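Here subunit A shows up in two complexes: once beside subunit B, once beside subunit C.
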Partner chain A sequence: MKSAEQARNKPVSLPVEEKSRKPIGLSLGAVRTFAPLLAAIAVLLVLFSLWVPQGRFLTPANLVDLTQQISVNAILAFGLTLVILIGGIDLSVGAVVAAAGVVAVSLLNTTGPLGACAGGIGVAVFFGLANGLFAARTLMPPFIITLATMLIARGFALGFNESRPLPIAEHQELFLALGNARWGGWLPMPVILMFGVFLLSTVLLHGTRFGQHLFAIGGNREAARFTGIAIARHEVLVYAFCGACAGLAGIIHASQLYSAEPAAGMGFELSAIAAVVLGGTSFSGGIGTIPGTLLGAIIIGILDKGLNQAGVHFSLQYIVKGAVILAAVWYDVFRRNRKR
Partner chain B sequence: MKHASLVVLALIPALFSGCKPAATTPAESGRLFGVSFQTMNNPFFVELNEGLKSVIAPRGDRLVTLDAQWNSLKQKNDVADLLQQRPAAVFINPVNWEGVKGTLIEARRKNVPVIIVDAPVSDPDLVLCQVASDNFEAGRLACEALARVNPNAKIVVLHLSVNRACIDRVEGFKAEMAKHPGMRILDIQEGKGSAEGARPVMRDLLGRFPELDAVFPINDPSALGAISAIEAAGRAGQVTVVTVDGSREGAAAVRAGKLHATVAQFPKEIGRIAAEKAYAHLEGKPVEKDIKVPVQLITRENVAAFLESR
Partner chain C sequence: MNGAHASAAPLLELRGISKRFGGIQALDRVDFTLQAGEIHVLLGENGAGKSTLIKIIGGVHQPDAGEIRLANAPVRIGSVRAAERLGIRTIHQELALAPNLSIAENLFLGHEPRRFGLLDRRRMIREAERLRDELGLPEMGDVRARVGDLNVARQQLVEIARALSGELRILVLDEPTASLSEAETEALFSKLRRLRAQGVAIIYISHRLEEIQRIADRITVLRDGRSVGTQSAAELDVPQLIRWMVGRELKGRYPRPPHQPGEVVLTVRGLRAPGVNDVSFEVREGEVLGFAGLVGAGRTELARALAGLAPIQGGQILLNGTPLRLRSPRDARAAGIVLVPEDRKREGLIMTRTVGFNLALPWTQLWARGLFPDYARRDAIIEKAINGFSIRPADPNRGVQTLSGGNQQKVVVAKWMEQPPRVLILDEPTRGVDVGAREEMFALIGRMVARRMAVLLISSDLPEVMNLSHRLALYRDGRIVREGPAACFTPEEVMIELTGAAIGCRPESDNNHTPDQRLPDRV
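The block that comes next holds the complex of A and B.
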């Protein structure tokens, strides 16, 4: 079976119809994809710089804060982009953030920071692999699979330390540095890690054959199957990658908060999905980019920070964010349909 | 072309930081204060917020209220946003008493005083002061009230063990119990601090322990859940319920005779005192580190007066 698949694999030419399905280059397609997002960011920056009192929005320190504040959400969103791109969904990432955090912090005093990170990410990859295997090998929809693993991961995390936060000992400086250190005195460590994951996933999705296959699977699963792509293997790897991202996010989260919280990460999956969708990834699969997701996460971050600093009542913040997401996705759908 | 737009984007902040004075509203009067609550989905924090406002607004200063929605990372980010605006002081009601540490260090670095309201933190050295109900005393008073009517009570506790304030209440309850050798705790279960959470747990406990004749649900919502389970089991009047909170609903249950006692907290008072301490500090006066706001036992005798005062 496998050799047959490989044999068929060779002469494949992938069904590339839309510009955004191509690897990102200096193409006109890339400009068309990102221009509206960049414009939205520019408009928001101008708006908040005028709105926030005493010109305290567009300061270097505030913008560095912004990048730090979006890092956990962006890392989750990069992993989710691949999952959503192949027509899947992963609701478990928020609970996996908590599971990875509590495992890492529990291990910290016995294994040191390296073992702790390996353990945390290991647990997260385990949940990712489970999601992927169920999605690939059964007929259950990913929404239901990951809803179930979300509950399992949450229960697993809540089983630690009677559900109370696990503090990180003060002498674990290396682990605490992951969330709190600033390289060169200004660039936050979580931002460096976020860019690492950004580069990795950009290359993976837009620069490799593996990534091209993901576009094919998301675009038309049956057609991809007939061209000989090993769908199950790709699917398992994508969910495992998403799990690994959630694991890293969990470690950063714990480090930033000087403690692992069994109840951490509730609802994180929704913010991450919002970033992915704002960034132009189609919920039905086949269309999407990693840089778009980063821009989506930045837009959500600017909204959060700007509305906070403008002193907007928190009840109104929900409404504004909901309206922005609705408007952005509506515009995106409208634009795509017009092109056809 | 993509690069061009990126360059333009990169230039925007530079452009605007260049014309910062123009963007400044000249008459931004009054000082800025901020408060971050673990949740606003609880009347307790809404009242606490009103208490803060009652001191801050009349002085012509501004209070920004933020809801962390039980998310400590959001709380950290929210407070970081506030700190960038150089507030006069920040009030924090921490989601996670360990997790707030990074925020406290950042506030200290920026020289902004932090006052913790309602829930204690693990590093009191990093804050100006902490203002909270005397939860230990509240638990103690609840137990005392129970001992007066039933010195040999067989008790179950409906806990919310993730919450520091509730832990203190149960500790206070146990400390008072030590003085009454006839009292015994049959079991401690998680009641989730809500009516929906407490009702099924109480129903199970009633089935398990026929001798059960008292319950300490750690707040009013779980007390109301427990009462409805007791009534459903046909044991109304046989189980004494004592709790801590003093909400309007709790007091109404005391008046109706369903709840034996609730120890009232005064969230508005907590807010008022916290804001006054902030101003005292800004005026250079010394401020005590640990301020316990008194609680009051509410029983049938004083419930009418209590409800009137609210």
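The block that comes next holds the complex of A and C.
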């Protein structure tokens, strides 16, 4: 209370210097934002290297495996970061993973891998566009819209092959390579794709006018409107991009499983949201970074794999993950409020 | 000053502009002309239509009727973008900045510099710095600073710099000095004068008569959505301006309740709270104490502190001589202090429920104790309120949002009257209600007084607050600047006091003012 009083008594004209606060985009200053996340990753790595028996955790092969397991979640989380940044939410991504997978695999034998991917991503973009159009053009809250499209996408996926998995034929090597090939014999294809999406969305959010406008919309929608930014168009594109990410994730996921499962992707949206908020994106909009989301996804991945290898019972794994998310977001909110 | 423009063809001409929002005629056939190279002040009380008018000029709203001509050709200003293309820039009262972005990013929002399709951040910062230095706004500071971390005065500079960054023919400012210190105000004025010399036409909204004397070339007064008259600075006649602004018949329609003050009920000594600076007053039972002030003077903040809605940071509140600790609205209500808030839709009513639900809600401890609610008791409470306050339609099962503004307001007041409070705070009780309901509200205030309540009446409607109150407290910048029997004040005096026009000075306390914490007082 005392500090509030002092703040109020500050004269209106502050001295001119008042050296630069952290700028918003990505720059050296931004490294400071990520320091706690990097520290958390380091702590977790040390912890699990000690905890997992026989030093099986901190081996190159295990870490490459880890990145492979992270990719699908990270790709979903990149798309979701943009949605959450503008104050929205997309619960449908998990179901869209399944829908994109079954569409791609059922097209595979007639159109070949290229057509299959186009079809899978196309159907995912369709769901994203629908989410975006409803969000932009109606007063329905995105939570409800995407809850509904989640059910619709799931039902759509379950309608294929009597809800049974669609196996991918052995000869579809190209398609199977998407999830399983290793470049140079060690770097998994999904990781390369994940990095591609990472670079694309980083540039999109932090390097373009479009991204700049997303920050403005999330920070102060009215101000963005008064500035003449076409909010509806941005919103539709953001949800479509999120859908496209889910489509790619669905294709990779199917390829990894050697089959498209209509029941795949259950709960994926929750892991992806967890990665986004761990990475420092604010649910009230306007604050967030793609690299932060990547680090958030890595933390979740390390927790998953580490707890597993340490032999922690899966029931306890859930509890630990929940507690970590709670603590991380609490810390983030605390840090942000202290700054003002 | 610049007097040669009167004969030239106007740069901007509005003819017969009308605009309606729901039941309220915000603008009624307004004519307005603006010359290149003049500073044209728009003056008027709250709700007179100034903001609507500049929003139409700035492309935020479209007029229902009327014509806009720019440089002698009819134009349609369909969007903010369209206005910008025509060289019209507006600085709104609610700052239109993204708090999470830096100064530079805000300056270029919507037209960011690009290189190979990507944001050119370095050029953005360089150009922002150049803009800052060219405009002579070194106070703006580091252009990489987050706007949310700046104080309001600096944020305002960012807004101004942004308006100046493009092609500019008409600059519209909505009460830009409300949160500036004297030095900052003077700096702003010298900038405006320089722009005027360059031929920019400036529309300037203000409440402060003193400012008008300093910078206006012409003054147009709006009242109740109509343009009342225009004066040029050369023949400035302040008393006439005030008569134009206040306008309405001051006597007759306001039945001041008989004044038979009893014991002192509420004593406030040196109260400090967010937006409240050292306020002291007393109010007796059977007495109406009116708080007159301009929008943003901090009266709502005082009301909130007394109702337990804002933290009390110092001073004393005594009820019948006993000190109170108000930590929540619950404490305030237990002590018998009840607030009828200014924004009834958000704070006064559960809009999704029925009239009966709203009326019975404060009294659950009377009818819903234990397992089996006493519905008969509830219905009695509701019926008494509906009949006692003649709420129309007299149907407890109607959704409260289907009622007229006046009847909604009656519900907000009536719901507290099952067991009358000792202190009733009415914050803008007649805002947005029609004339008939207004008079009913006045009659209600009379009944409260007859029932020996102490009433604190906050109103920005000057005739209303002056005529209904027994005593009047003039409120400015979070404090009471004068207090006395209402009959001792003239409207002109009050207006001058409230606008700070007296000697052209404003008190030091302006520096402590925290406008970012103040509630949006405006509809």
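In the analysis below, the second predicted complex is superposed on the first by the 311 of 340 C-alpha atoms of A that agree within 3 Å, B and C clash if a C-alpha of one lies under 4 Å from a C-alpha of the other, contacts with A are read in each partner's own complex, and residues count from 1 in each chain.
To be clear about the criterion, contacts are C-beta pairs under 8 Å (C-beta built on N, C-alpha and C of every residue); 3 or more make two chains touch, one makes a residue touch a chain.
Just so it is clear, the structure is predicted and the values come from calculations on it, not from any experiment.
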*asked:* According to the stated criteria, A:287 is in contact with first (subunit B), second (subunit C), both, or neither; which is it?
replied: second
*asked:* Looking at A:163, would you say it contacts subunit B, subunit C, both, or neither? Reply first, second, both or neither.
replied: first
_Touch test for A:219: subunit B only (first), subunit C only (second), both, or neither?_
second
*Between subunit B (first) and subunit C (second), which, if any, makes contact with A:258: first, second, both or neither?*
first
*Would you sort A:112 into first (subunit B), second (subunit C), both or neither based on which partner it touches?*
neither
_Contacts for A:209 in the overlay, against subunit B (first) and subunit C (second): which applies, first, second, both or neither?_
second
_Quick one: is A:196 in contact with subunit B, with subunit C, with both, or with neither? Answer first, second, both or neither._
neither
*Which subunit A residues contact subunit B in one complex and subunit C in the other?*
none
*Can you name the residues of subunit A that touch subunit C in the complex?*
1, 4-5, 8-14, 16-25, 203, 206-209, 211-213, 215-216, 218-220, 222-229, 286-287, 340
*Tell me, which parts of subunit B touch subunit A in their complex?*
1-3, 5-6, 8-9, 12-13, 16-17, 20-21, 23-25, 28, 40, 62, 64-67, 69-73, 76-78, 80-82, 84-86, 96-102, 122, 161-162
_Residues of subunit C touching subunit A in the complex_ = 60, 79-81, 84, 90, 92, 94-102, 105, 109-110, 112, 114, 117-119, 121, 138-139, 141-142, 144-146, 148-149, 151-154, 179-181, 183-184, 274, 311, 313, 510-512, 514
*subunit A residues touching subunit B - in the complex, by the definition given at the top*: 26, 28, 30-31, 34-35, 38, 41-42, 45-46, 49-50, 52-56, 58-63, 65, 69, 72, 162-167, 179-180, 253, 256-259, 261, 263-264, 266-267, 304-305, 308-309, 311, 313-314
